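Just dropping this structure here.
In order of appearance the chains are A, B, C, D and E, and numbering begins at 1 in each one.
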Amino acid sequence: MSSSNIDRRDFLRVLGISGAAATLAGCGNTSIESGAELVESYVQPEDFVVPGVGVYYASTCTQCGSGCGIMGRVREGRILKLEGNPQSLISGGKICGLGQAGVQVHYNPDRLTTPMIREAGAFKPVSWDKAMATLTARLGSSSTLSGDQIAVLTGEISGHQKVLLGHFLESFKSANHIVYDALSPAIGQAANKAVLGVEQPVLQIDKARLILSFGNDFLGTGPSPVHMAAQYARFRKAPRGTLIQIEPRMTLTGANADRWYAIKPGTEGVFALGIAHSLLQHQEYAHAVPAEIAEALKQYDKDTVSEVTGIHADAISHIAGMLWEKSPSLVLSGPSAEGHVHGFNNAAAILLLNLVLENRGKTLQGQASHPFPQLTPASGSTTALAKLNQAMSAGQCQALLVMGANPVFTAPTFVPFASNLAKVPFKVAFATQLDETAHQCDLVLPLLSPMEDFGTHVAGYQPSGVELAIQQPLMERLYPETRGLGDILLDLLKQRQPEAYKAFPDYYAYIKTAVTKAKPVFKSKSSDDDFWEDALRNGVLRLEAPPAALEAHAATVKVGKPQALETDVNFPFFFVPSVRADLRDGRHANLPWLQESPDPLTTVVWDSWVEIHPTTAAQMQIREGDILEVQSATGSVRAKAYLFPGIQPDTVSMPLGQGHTGYGRYADGMGVNPFKIFDPMYDERTGELALYATRVIIKKTGEHARVVKDEGATNLQQGRKLVATMAADQAELAKEISRVTQ
Amino acid sequence: MKVRMKNILVWLSLLVLCGTATGEPFVQGGAIGSQTDDGYNALGPVVEQPIEFPHNTHAGQMGINCMYCHTYARRSAVSGIPRLDKCMGCHKLIESVKDKPRIKKLFEYWEKKEPIPWKKVHDLPDFVRFNHERHIQRFYFREDRPVREVCGYCHGDVASMTTARRVKALSMGWCVSCHQKDHLENAATTKTSNGPNDCWQCHK
Amino acid sequence: MSLSNLIKNWSSLRVKRPYEDQYKDKDYKWAMVIDLDACTGCNACTTACYAENNLPVVGREAFSKGQAMHWLRIERYWGEGEHMDKFPDHGAQFLPMMCQQCESAPCEVVCPVGATHHTPDGLNSQVYNRCIGSRYCSANCPYKVRYFNWWQYPERAWPNPLEQQLNPDVTVRSKGVMEKCTFCVQRLTEAKNRARTEGRRVADGEVTTACAQACPTSAITFGNLADDKSQVARIWERQQIKLASDKQEKDENLRGYRIFEELRTYPSVVYLERVRDSEA
Amino acid sequence: MSKVHTLALYNDFEEAGRTLQELKAANLPGFRMDDVAIKSPIEHPELSEMLGKRPVYVQLYTLAGAVLGSTVGFTLIASAQANFLLQIRGGRPVVPIPPDMVLTYELFILIGVLMTVVGCFIAWKLPGNRSTLYNTSISEDKIGILVKADPLVIPKINEIFSRHQPLEIMGEQGR
Amino acid sequence: MIHTTDESDIQIERRFVPKAKDISEDIAWAQINKDVLRSMERPRLMYWVIFLASLALFSFGVYCEVYQYQTGLGVADLENPQVWGLYIATFIFWIGMSHSGTLLSAILHIMHADWRKPIYRFAEAMTTFSLMTAGLFVLVHLGRVWEFYYVVAYPNERWVWPNFNSPLVWDATAIGTYLTSSIVFLYFGMIPDLAICRDNAKGFRKKFYWFLSLGWQGTDRQWANFRVAYLTIACFLIPLAVSVHSIVATDFAVSQQPGWHITSFPPYFVAGALYSGCAAIITLFIVLRYVFRFEAYMTMPILDKTCRLTFAIAMVWTYLNLIEYASVWYGNDEYAKQTLIFRATGTYAPYWWAMNFLGSIVPFALAFKSLRNHLPTMMVVSLLLNLGMWLERFMIVTPTFAHGYYPWTWTGDWWPSWVQWGIVAGSFGWFSMLFMLFCKIFPTVSMYEVKEMVYHRFMARKARA
């Protein structure tokens, strides 16, 4: 591989002319042709570039924050498919569906191809010169903005992009880097911090013999689903661990549980304390908690807990018995337990079980300390958005830069983000594709896709040691009029601080310098160029580091009276939004593969639906496909009913992520957006939006439509042996041959 | 009566033979090494290329091995067009022809760093995968046949052409007729085998 | 030639398959094992299949009519009886279902034009260009894993520049042809060609299908059954599954089974039973 | 070319039958019963019997066709299956007997039927020279007796014809 | 015994009500020619009404097919697993329809049932045209019609052959054979009549008939060879017809699907075919009798016999139908049993019950002489029987797809789109258009055979006298 920078970056540019045209003809070209197509023709390719042979390049997946290492298969200059990068411990050579769809971000037909400026209400394509001129007129060297007058709104972001953003804001003496995550795990992180001393402990799922999970969807939407799925696979091998899931609406993880319990929303903490109470009956655990907590726990006898949670009383002692039997165990809290007014308390109560069971250091560990804290991700929250919203509303914010966040779509109605946004005089969106928020901006700058740009990423969840993930282009840019975020930021910074950045002709040079500077940390003795080439080849820089210890603060757990959430006569149903592992908060709704990928539990595609328990549905005489109006205090949406047994009968659930109005052909008009019916409920402790605390009423509209799903007329096996199930004590897993354990 | 019976038998067996003869598909490939029209009107159209490349000079007069330029043939499914720097590697040094219009064109492309838009001459349908590597490995390396014969079986006597022109049918029956033949496993033995008779070997 | 072939090889032309040791002397017999206990139903495999095999995205309208083109679909069944009181107490039952590459495939017999047949590697092939779209194969498939191109997808499913993602090793199917899981035959062919050039057999793990490669829990194991030492062959052996048997005689605590074995299709895919802790 | 035709038309079969009997009894020189043909709108076997034995060979063609169809059919199908690109399908033998039998059976019938028709056409001497002596009323309701005989005996035959109230007697003109 | 008294004569009169004659022996041969030839010249106005209606229906079918051809079969709302839909159901229906011609002309010919003579010609035409219609469905149903020739076994530059194992190839061969043979049979049996046309036509039509009549002059040699050949073809045609519908049945019986893999399917299909064919003959009998003023030839006694034959076949079909249910019900195949139960109780249950009612109960109308002699009733009944038989085919194809082996793909509420209905309707238009054209160009009543019939009966009466 050539070490010359220019060659390295241009290795794809010199490729041939046609490429894709040939394949699309498909069955069309059915006979021998002569002279109709062009041959792949090269000027000066790398030696290993052979037409007809795919070459794999390592990079990093940016579809979610997990930071999985990926390999892209490149042939004739086109990126064809992504695979997991075995060099990366996070992905372990595996990849999820969301990651696979990364290529569709790149090839999306609705991608932005040129900068656009809003003129007289409509976007007009302009040249980069004009766009940059507009940008620098406001934010360049002559800019007078400072402090709170400027803000940058992003989603979760890490690596050198984050660093550059920070520097950019610094140059305005501002620290307004607002990181917004509509599905922020901030409540749980706060609880972790309070009880265990760290925001995100490392879960050793494979080491646990019993996992008790309160709505934690670690297989679907957790902090690192691919890694945890691999751990889960080992967890299921001999000696086989048992998974018990307790949640109001079945998640993907719940669907894989050995035992699944439906619980009344918001009472997870009560149930956890009930188990704690039951566990404390054992001598072994008697001194695990402070005396006053032990005293308070006496209110949590199993009948009371059963009444509050709606789970049979025997289950409590049964689970407690299993926890006692199967050690080490792991107790997890998840979004459905945390997204309540008392969500922090719920999470803390659940974490208390880990302390009682002494799982610290066994199945729960602290993350290794990161040598480059400036690169670690800024974790998002909803409070940050609320703050920005206030500032915008007050007219403080003069310039707003948005990237990777779409609050116009995800902010609830009581956060009037869209209308406040209009008060900001200069709004710039950096995006690969227009979304609802970008549609409201004044200037839209088209970014390179993750398949075209360099970058560095640090995952928020580092399972073991530390990984610095490298992202490199897998393909020559599709549209010449697109640029990388890093390059734009550098340009701006060069305006603000010419001296500091003159050494870097572009972002590539910047990160290459920055990464090679870290060489000593990785104890590499090779030359700078070789170190960089190795990093690119492996796609990841790994540093083995011991896990940090966890603290134990049992006393921070508040044990009040066991109470159910009071019922609301006007809105009798709990509303549990479900987060789809592929669409997440809706940012991936523009990817056709994910739209067509059936939701694992309902198999619905391209749509929104309302999950309702069959018994409730029978009472209300609702059939599948009846269009229901789901009304909360703040708004209402309409969607088709889907009868779903994995849901608490007082609860209805809708998936998030659909209902886009300005996000391209694959997203627009598909389903509805339940973000818009959330009640203004906040976690008492953190002030975060409580996503699971909304109450709704269901009304039949009398309309009916066919639910678009893969499932046929039945969802039972009808006496056929399709999925056979064996009891765990019968199966001799230890004797089996398995790829996972080898 | 006896004679008649015999007649009928002869007549019937003739008919049976006719039946099986029609059972044989009628297209046959030419012999290996046959390098011109195989008698099935398979001559393709003349394809105009951006540069009228003289195969007759390179492969004919100079006697350059096909795979010196079509270097991917032995390691990829496609034989490929030589990369531009390969052409330049020689032609930079060959002063004598530098002024010829074709070479001037070549230099133009090189200076623009633009690949030459060669057109495909032997373009199989898109649902077919023909693997050059396997054929070259088998016949050139293992069976040790002359390269012009190995390539020429499908491409004809390119050494006598300027720009290449299709001279063989390249139809399915044409391919199969050769797969059906007994080919030596390698130069050292008399053991023979056929080409694959599996649809998926060629159909994708 | 054909007649002499007929007379010369009469006995071999009359062999019924499968029989035990059918692949003993062969180089390849591709087979698969899917561990249902490891499968979480996450759909990574299906998306990987879309990416690898140029599967068209049909859109909401066509999907609602049952015209989806997922070669590999994840089915979700709910338990019955004791497993389903009011709630699915033991979770959902996920089943990745794709072409089972039957050794005695019902689809092969009925195709009028022979567009589907059995390859020497034990795959159930589908030659798109030969297909005339009678759909008899799909009608006769007990697993219903054959998918028909009801629309001209090449024109609808890949608006520019999405078509650049298409895998050049796989045909883009036009309207009116049947298609199905191929065990990623383009990968197998490439690996076989490479191995043959190097004068060896494809090593275990050298090639795998897109679904197996993606699966985050490694629930799918793919390999060569003709190679005794391959992972797949060892699992088949350990699970006491015989390819040419329509009723397995195996120990009770072995999890391996094939779906609809009683129909005597002799599938090449072995599923390992899902395990649930009955005490939990 | 020495013989010429003559045709008499009769109203019904009885009359025609009597005519034939008389012709037969007359035993004229240069006239053979074999040269007599009846032309009638429907078949009348009794009348035909008077003309003597006139064997029909169509069945032989049928037999030949059936044998040909089955043997060639089977060989063709089986050798096509044993082609180089032999295809194993559904675990069945490459040359399976039951399907080939079904197809052989169909070919047996097809070729049998076609050969029957061909045989019949040959028996009708198609495409051959037709006698011009014909009257359209034959296809309606009249019965014709066509005689081919030596020109010398024609008047005698016509005389016999006219004894039985013929509607019309037609002779060949211009020869 | 021969000794009869007046008394016993009276007794006999009481026991045997004198039968109406199949045909009047007194019809002059010339009159037959005149009547039949007139039908080809000047039919009633209804002819044109029917013809134009068929043409319109056919045009709509063509429109649907063009739309489907250009867009893809998706417009037919076919899906996985409902891959066949109405096309195959209607295909079997038309194939079945074709069997009546063979029944009337070949079987009854061999058995010398001479009442068939006035009606067999149009029955044979029906055979040919319904086969042609059925063949169209094979084409309509294909995903890539333009590659249809792949099914044909001929040496080609691809070196590949069709799959002789496939019942569809048997189908293609059998239907090809049957179509060829029945066209030959129809044409061959028509040669004497074509000669009549030739003798009466003028101008262009004379040339046309001259060519087709192959120089027929009615000589004794021609007649003798004609008789033997005709009889031989008839003999071939009977097993052929049985084999054709058995082979169509093997499309299902050879498959592995529940509800299809049934041993009794071949005879069941054959019985169903004869049944629907006979019902169609009744319909067309009534239509032709009116349109072409054939009251003297297509007489009520003949209709009566046809109806009785239909009734008998209906009972055979009913029996085989029950046998099919019974063998599934008492069999050990759980899946097939579930499919059967689904047929009777599932989404398509109304059609299943309707089919059983129309197929097994309605034919009892044919058991009553008074009803048999009432033309409007017979018209309605015969149409209902055919509707029942169409439903039978629909109920064979659809429920197995909707409720096959694999529960995940069960479809609860699949229903064909308007395109499918349009093409099915168009096929009826196509059939009746062809049939009406045929009636106008060729003699629909076999003149020479009616003459024979009249002659023989006349002679018999004379002998009796």
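Here, a residue touches a chain if its C-beta (ideal position, glycine included) is under 8 Å from a C-beta of that chain, and two chains touch if they have at least 3 such contacts.
Computed from a predicted structure; not experimentally measured.
Inter-chain contacts peak for the pair A-C. With centres computed from Cα atoms alone, the innermost chain of the structure is C. In terms of the distance between Cα centroids, chain A is separated most widely from D.
Using mean Cα coordinates as chain centres, the one most removed from chain C is D. Mean C-alpha positions place chain B and chain E at a centre distance of 56 Å. For the pair chain A and chain E, the distance between mean C-alpha positions equals 66 Å. Note on chain placement: the centre of chain B and the centre of chain C lie 35 Å apart, centres being C-alpha means. Counting partners per residue, chain B has 20, 22-24, 77, 125-127, 169, 171, 176, 180, 199 as the residues that reach two or more other chains. For chain A, residues touching at least two other chains, in rising order: 22-23, 25-28, 30, 711, 716-717, 720, 722. Among the residues of chain E, those in touch with two or more other chains are 159-161, 163, 165-166, 169, 405-406, 408-409, 411.
Of all possible chain pairs, the ones that touch are A-B, A-C, A-E, B-C, B-D, B-E, C-D, C-E, D-E. Looking at the complex, you find that chain A touches chain E at residues 711-714, 716-720, 722. The part of chain E that touches chain D in the complex is made up of residues 28-30, 33, 153, 159-161, 163-166, 169-170, 173-174, 176-177, 180-181, 184-185, 188, 192, 195-196, 198-200, 214-215, 217-229, 232-233, 236-237, 239-240, 243, 247, 250, 448-449, 451-452, 455. Taken together, the chain D residues at the contact with chain E in this complex read 37-43, 47-48, 51, 54, 56, 58-59, 62, 76-77, 80-81, 83-85, 87, 89-90, 92, 96, 99-100, 102-103, 105-107, 109-110, 112-114, 116-117, 119-121, 123-124, 126-128, 130-131, 134, 136, 138-141, 144, 146. The touching residues of chain B, when paired with chain C in their complex, are 20, 23-24, 77, 125-127, 129, 131, 133-134, 137, 180, 196, 198-201, 203-204. By the touch criterion stated above, chain A contacts chain C in their complex at residues 19-20, 22-28, 30, 75-76, 78-84, 93-101, 103-104, 107-109, 219-220, 225-226, 229-230, 232-233, 236, 240, 242-245, 250, 252-262, 322, 478, 581-582, 592-598, 600-601, 603, 605-607, 615, 645-646, 649, 665, 670, 706, 708, 710-711, 715-717, 720-733, 735-740.
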